[in-house]
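Below you'll find the structure, written out as structure tokens, and then a few comments.
Labels A, B, C, D and E are assigned to the chains in the order they are written; within every chain, residues are numbered from 1.
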Amino acid sequence: SGSQDTDQSLQVVASTSIITDVVSAVGGDRIVLKGLISSGQDPHSYEPAPRDIAKVEDADIVFVNGFDLEEGLLSIIESVNPENIVEVSRMVKALEHNHHDADDHDADHHDADHHDADDHDADHHDADHHDADDHDADDHDADDHDADDHDADHHDADHHHESGDPHTWMSPLNVISWVEVIVESLTDKDPANASYFRSNGEAYIIKLTDLHKKMQETLSVIPEEKRVLVTDHNLFEYFARDYNFKIVGSLIPGYSSSSESSSRETARLLDHLNQEGIPAIFIGDSAGEGVKKLALTLSKESDHDILVKELLTGSLRNPGMEGDSYISFMEYNMKQIVSGLNR
Amino acid sequence: MAEWILEPLQYGFFQRGLMAGMIVAFSCGVLSAFIVWRGMAFIGDALAHAVLPGIVISIILGIHVLIGALGAAMLSVIGIGSLTRHKGFKEDTAIGVIFAGAFALGILLMSKVASFKDLSHILFGNILGVSTFDVILISTVGILVVLGISLFYKELLVTSFDPTHAQAIGLSPQLIHFGLLFLVAATTVLATQTVGVVLVMALLVTPAASASLLVKKLSKIIVLSTCFSMLSILLGFYISYYNDLASGATIVLVLTLFFFLSLIVSKLRNK
Amino acid sequence: MAEWILEPLQYGFFQRGLMAGMIVAFSCGVLSAFIVWRGMAFIGDALAHAVLPGIVISIILGIHVLIGALGAAMLSVIGIGSLTRHKGFKEDTAIGVIFAGAFALGILLMSKVASFKDLSHILFGNILGVSTFDVILISTVGILVVLGISLFYKELLVTSFDPTHAQAIGLSPQLIHFGLLFLVAATTVLATQTVGVVLVMALLVTPAASASLLVKKLSKIIVLSTCFSMLSILLGFYISYYNDLASGATIVLVLTLFFFLSLIVSKLRNK
Amino acid sequence: MKSSEILCYGKACDHPRKSGTAALKVENVSFTYPGQNTEVLQGVNIDIGPGEKVAFVGPNGAGKSTLMNLILGLEPLNHGTISVFGHDAQSCRHRVSMVPQKNSVDWHFPVTVRQVVTMGRYVHLGWFKKPGKEDSEAVDKAMETMEITNIANRQVGELSGGQQQRVMLARTLAHDADLMLLDEPLNHVDIATQELIFHTIEDLCQGGKSVLVSTHDLGILTVHFSRALFLDKSIIADGPVKEVLTPENIARAYGFEFHKDKELSPWLNGY
Amino acid sequence: MKSSEILCYGKACDHPRKSGTAALKVENVSFTYPGQNTEVLQGVNIDIGPGEKVAFVGPNGAGKSTLMNLILGLEPLNHGTISVFGHDAQSCRHRVSMVPQKNSVDWHFPVTVRQVVTMGRYVHLGWFKKPGKEDSEAVDKAMETMEITNIANRQVGELSGGQQQRVMLARTLAHDADLMLLDEPLNHVDIATQELIFHTIEDLCQGGKSVLVSTHDLGILTVHFSRALFLDKSIIADGPVKEVLTPENIARAYGFEFHKDKELSPWLNGY
């Protein structure tokens, strides 16, 4: 289908702005790259325009995140160009259920686990992942994403849902594995430029390694007992694992933005915030008004001072702003976390 | 029992949520009878969606979303009001046309503005995140609604029952219609932010529908529907607390239960 | 010009999307006149939401969501149909009560089941990701709709115009109402998956509302509204392609534009 | 009853007409509206033979319309029996027709006069059949009789009150039933049409059809009818007009003794 | 006009009544319904003095109801002038009332008979005032006159056709206007009520009120009226009843020459 560009360069499409940034670091000027979800847009609520899909139909490779992040978009891509989809996170090991302390808050997440059971996790990339605590994934999708899992259901027959936290980019270590996947895929399709891709990839991996080290250092100023995260929903599984944080809970225990908090769960979370003296709540920039308000309410209501801090979650910011590339995106989040917790 | 009642009340967010819910329920319960009997059931749903372009524009302009939302609601109200003037156009058709158009416009604007992406706020407010300021705002609208309905009760009555007679005595049915739409719009815009559109929609329709099954006089319908709506907020709030359920949805289900109970009672009575 | 038309047609997704859109537009255009004139404007919106519990349950049971959705739609249809039987209950009230109750039930179920995440799918389908199978499904429903409306045209006419006369000649207005609701439900459930509820809702209301402004005979209204809806799909699709806009919203805006043009024409004519 | 009602549509009751059976037989019918506690009809007995022309009089609220609705099965009968040509009225719909006093017509619905009159033929068509040449002729004839041929293509909603009433009468003529129930057919129509109606009735009765006409025009009645039924909850009098419309009966039903001081119209004194 | 219409509600026109001014003056009024192309009224001139009682006759579709609507400003006047007591009708609403032939009433709306009759007082109350003792007395009196005191607390939707008509008449009596337009008030009502109506009219006129009554009952008319207006698009005749209702006029308007073969009722031959 579709016309091939006269230019012999690979036609590459990437879903989120973060993936686009990483792919562009590897592919450089030897590929024609089109990012579908531009900076500042939410990956989940993204509604494509027809010409974006025309690009997808023409593409030699379509990079998507995996773990069902761009669920709505995915179903379109799958119906338009199913052969050339590459999930950049396919080497990422999904996380075990590891972050909850044994308090009652844990109970809130049972539904989640239960959900796993129902979910169709017969993953086609099985070799690489286990099911893990995944409901976070759902959490996320739901939350900022307006897009349309409907389609997903609709395509149930051919698409198997992945389970696992889709926010793989929250740890640079995972993004290093992305780079490997990207280099491999580009090389497969365009062996002539293999060495170019490989050297770009290696250079970028060095930057990522540096970022990782910098984060380790910077975050280490936060005392051990203060390394606790309360977010709008769980999107820090990988971050917590790699930088030794504890996830205490999230404002929305449900799995979608559409789900509301139950009042008792909120009451428990408040008790918890008070007991542990947690200093900050982190809210994704694309979280709904309702969630932001709830965070402010809890911060006011707690017996100590709680900061409500904004984090970048699913998308880069517009060019020129802080957080317009993956690396500055992570540095911004790191700063927010340090300033929120290290008080 | 006392403890059962008091336990959640120790939390400020529960108190405020309950308070805000009760006030919204009161406003909606009062409006409900007219909404149901004038065939405007979907006005709440429609306005909550039609408000989208206003929200997007206010974000672009950097003004408070509430201003944009209210502005868009008022424009929609004018559109709906002018369309129903065309004799023969059913109210719901006018509402539907404006709703779909305004919402689509909002979506397009939004996709061009990018930073604002969350539509789900339209469906669900967060009744637990209600601030004291919200409670004050909602109370203001509640007072406006009660004042509006009680001051213009006879005008609402005559324009609903016989618009031609209203016109013949020099009363513009359209003006009253606009007034009612204005009250509904203010309620919907504010209430949607706190309790979500599904709940507002349910509160605007189900109470009066239930009450109409049981009593026949308009004033009694209004009183009973206000009782239904406030009771369902109270019950729904506690049920959702003790069963870890989403509050908004629980309240709507309690309301729906009241409706079916009323239906059964009325069937038995007519036997 | 030819190139302008042909360029997007080389893409399979565009062809399939356009095809699916046209078929949905055709079905909706045919139904539209009855929806508008029977005061059921919000039936599409309501059914698309009321279907939620069915979807959740079918996920729990591991059956195809379409089965659950259709099942829930049929249950809602029965609910709505039985409520309007109560003389005096306006259609939109019945629709509203069922809509709010079913949707809230769906949300509660969903929050307990978890795997089904996002609701906004209800708002936007993926007209760009239509598969050939979808096109076949939609065509089937389209054929059903055209058959249903043409076979029962006179029954629809008489029950809409004068339900008492219908009853007097032994025709159950309720049965016909159920039949119509059934067709609308099938269309809504399938079309929502591909084109989204906002578009379905708009396609069910705006075309006939526009056509009614220009012509007065029902059969002409049906023909004209079908033209409007199909034309707006065509135009909207191309406009969204060349201007990088979301297709669904663009189509709705084109439809709304048609409505306002019709309004202007009718105003000028009545001068 | 429900199922027979549905099945009956369009089916002629093929029971042979037994010679000597009454066109209408109402036996011991009592009726209370659901939810009400006063009886509206008390032990009513009526027997009308084929070809008979009967006037149906009684004060406002006497129960005339209620009885006619019961005969057609528009209200469920709760006490007594009604049969038409020896059969259950529900299974003989093609032989009974009515022009209701208060109609449930949606006058805004876009249909033309001709379409409405054609609806009188539907009962003979049943499912799936479209009106044929024979039906079209019957419609033309009915429209000619009621002198509405010149407005055949106008929207019914745009007609004057008298014109609309004539359309309803034409629809019943098109039905071509053996028992016609006319509930205050003289309302709204001018004297020319009144004459037309009576002459048409006369012709119909001569052709063997039975007609029951409710009216408050006691003056005109004495001229055109030989038999009258006087209803006031129960049948007060039944027989030749002069015997029924006695000053005593009138005084009893209308409470005229309370207005002795007022001058009665000469036509009332006339007999 | 719009603004005066709104401002007028509840305001008495405090212009002193000039002696010798007509109660109603219609000058050279022509009218075409919007979107239609035939004139419904052509150069109509009418002059009714205070205390006059005028019958308004003419065949179906003559334009009687249209003219009454124009007098009340329910349709926008497009040619000619109409004044009431020397003023613009729109600014004198408390002095003009009407019982319409086809009402726009939503009979399902939950109001009681008493509430409806009270609506006749609204024009004297205006904004914000609630009905007081005086109003309540006027309502009681109107209900007594129309003999509906016993059904004062029933839902209007549940009444018989004649009872509903009496409620409408009582509402107009409660209005206590100086010019009353009764559009076919005799429809649906029984003879007792007809007598009541005429005697009430008589009393009103003796009190200086002017009444214009449209009717098709030419028989009753000769008894109760001294002046008649014969309308058929334009005024055909105006004067004493006997001069207006000549066989020639009747033949001209009703086309009776086409029915020469049919026997005319004796009351038509009577004079």
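Here, contacts are C-beta pairs under 8 Å (C-beta built on N, C-alpha and C of every residue); 3 or more make two chains touch, one makes a residue touch a chain.
Since the model is a prediction, treat every value here as computed from it, not as a measurement.
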{"item": "Minimal step count in the chain contact network, subunit B to subunit E", "value": "1"}
{"item": "Number of hops, subunit A to subunit D, where each hop joins two touching chains", "value": "2"}
{"item": "Both-way neighbours, i.e. chains that touch subunit E and touch subunit D", "value": "B, C"}
{"item": "More contacts between chains, C-E or C-D", "value": "C-D"}
{"item": "Chain of greatest Cα-centre distance to subunit D", "value": "A"}
{"item": "Whole-Å gap between the CA centroids of subunit A and subunit E", "value": "74"}
{"item": "Distance between chain centroids, defined by C-alpha means - subunit B, subunit C (Å)", "value": "25"}
{"item": "Chain centre separation in whole Å, for subunit D relative to subunit B (CA means)", "value": "46"}
{"item": "For subunit A paired with subunit C, centre-to-centre distance based on mean C-alpha positions, whole Å", "value": "36"}
{"item": "For subunit A, residues contacting two or more additional chains", "value": "44-45, 47, 49, 146, 254, 256-260, 262"}
{"item": "Where subunit D touches two or more other chains, by residue", "value": "108"}
{"item": "Residues within subunit C bordering two or more other chains", "value": "37, 90, 107, 111, 119-120, 123-124, 212, 245-246, 248-249"}
{"item": "Inter-chain touch pairs (all)", "value": "A-B, A-C, B-C, B-D, B-E, C-D, C-E, D-E"}
{"item": "Residues of subunit B touching subunit A in the complex", "value": "8, 11-14, 16-17, 65, 107, 111, 114-115, 117-121, 123-131, 193, 196, 237, 240-249"}
{"item": "Contacting residues of subunit B [partner subunit D, same complex]", "value": "87-88, 90, 266, 269-270"}
{"item": "Contact footprint of subunit C on subunit D as seen in their complex", "value": "2, 5-6, 8-11, 72-74, 90, 93-94, 96-98, 100, 103-106, 108-112, 115-116, 119, 122-123, 125, 127-128, 130-131, 155, 171, 175"}
{"item": "Residue ranges of subunit D in contact with subunit E within the complex", "value": "33, 36, 58-62, 65-66, 101-102, 158-164, 166, 184, 186-196, 199, 216-220, 223-224, 250, 254-256, 259, 262, 264-268"}
{"item": "Residue numbers on subunit B that touch subunit C, as the complex places them", "value": "36-37, 39-42, 45, 86, 89-93, 95-97, 99-101, 103-105, 107-108, 111, 119-120, 123, 198, 201-202, 204-206, 209, 212-213, 245-246, 248-253, 255-256, 259"}
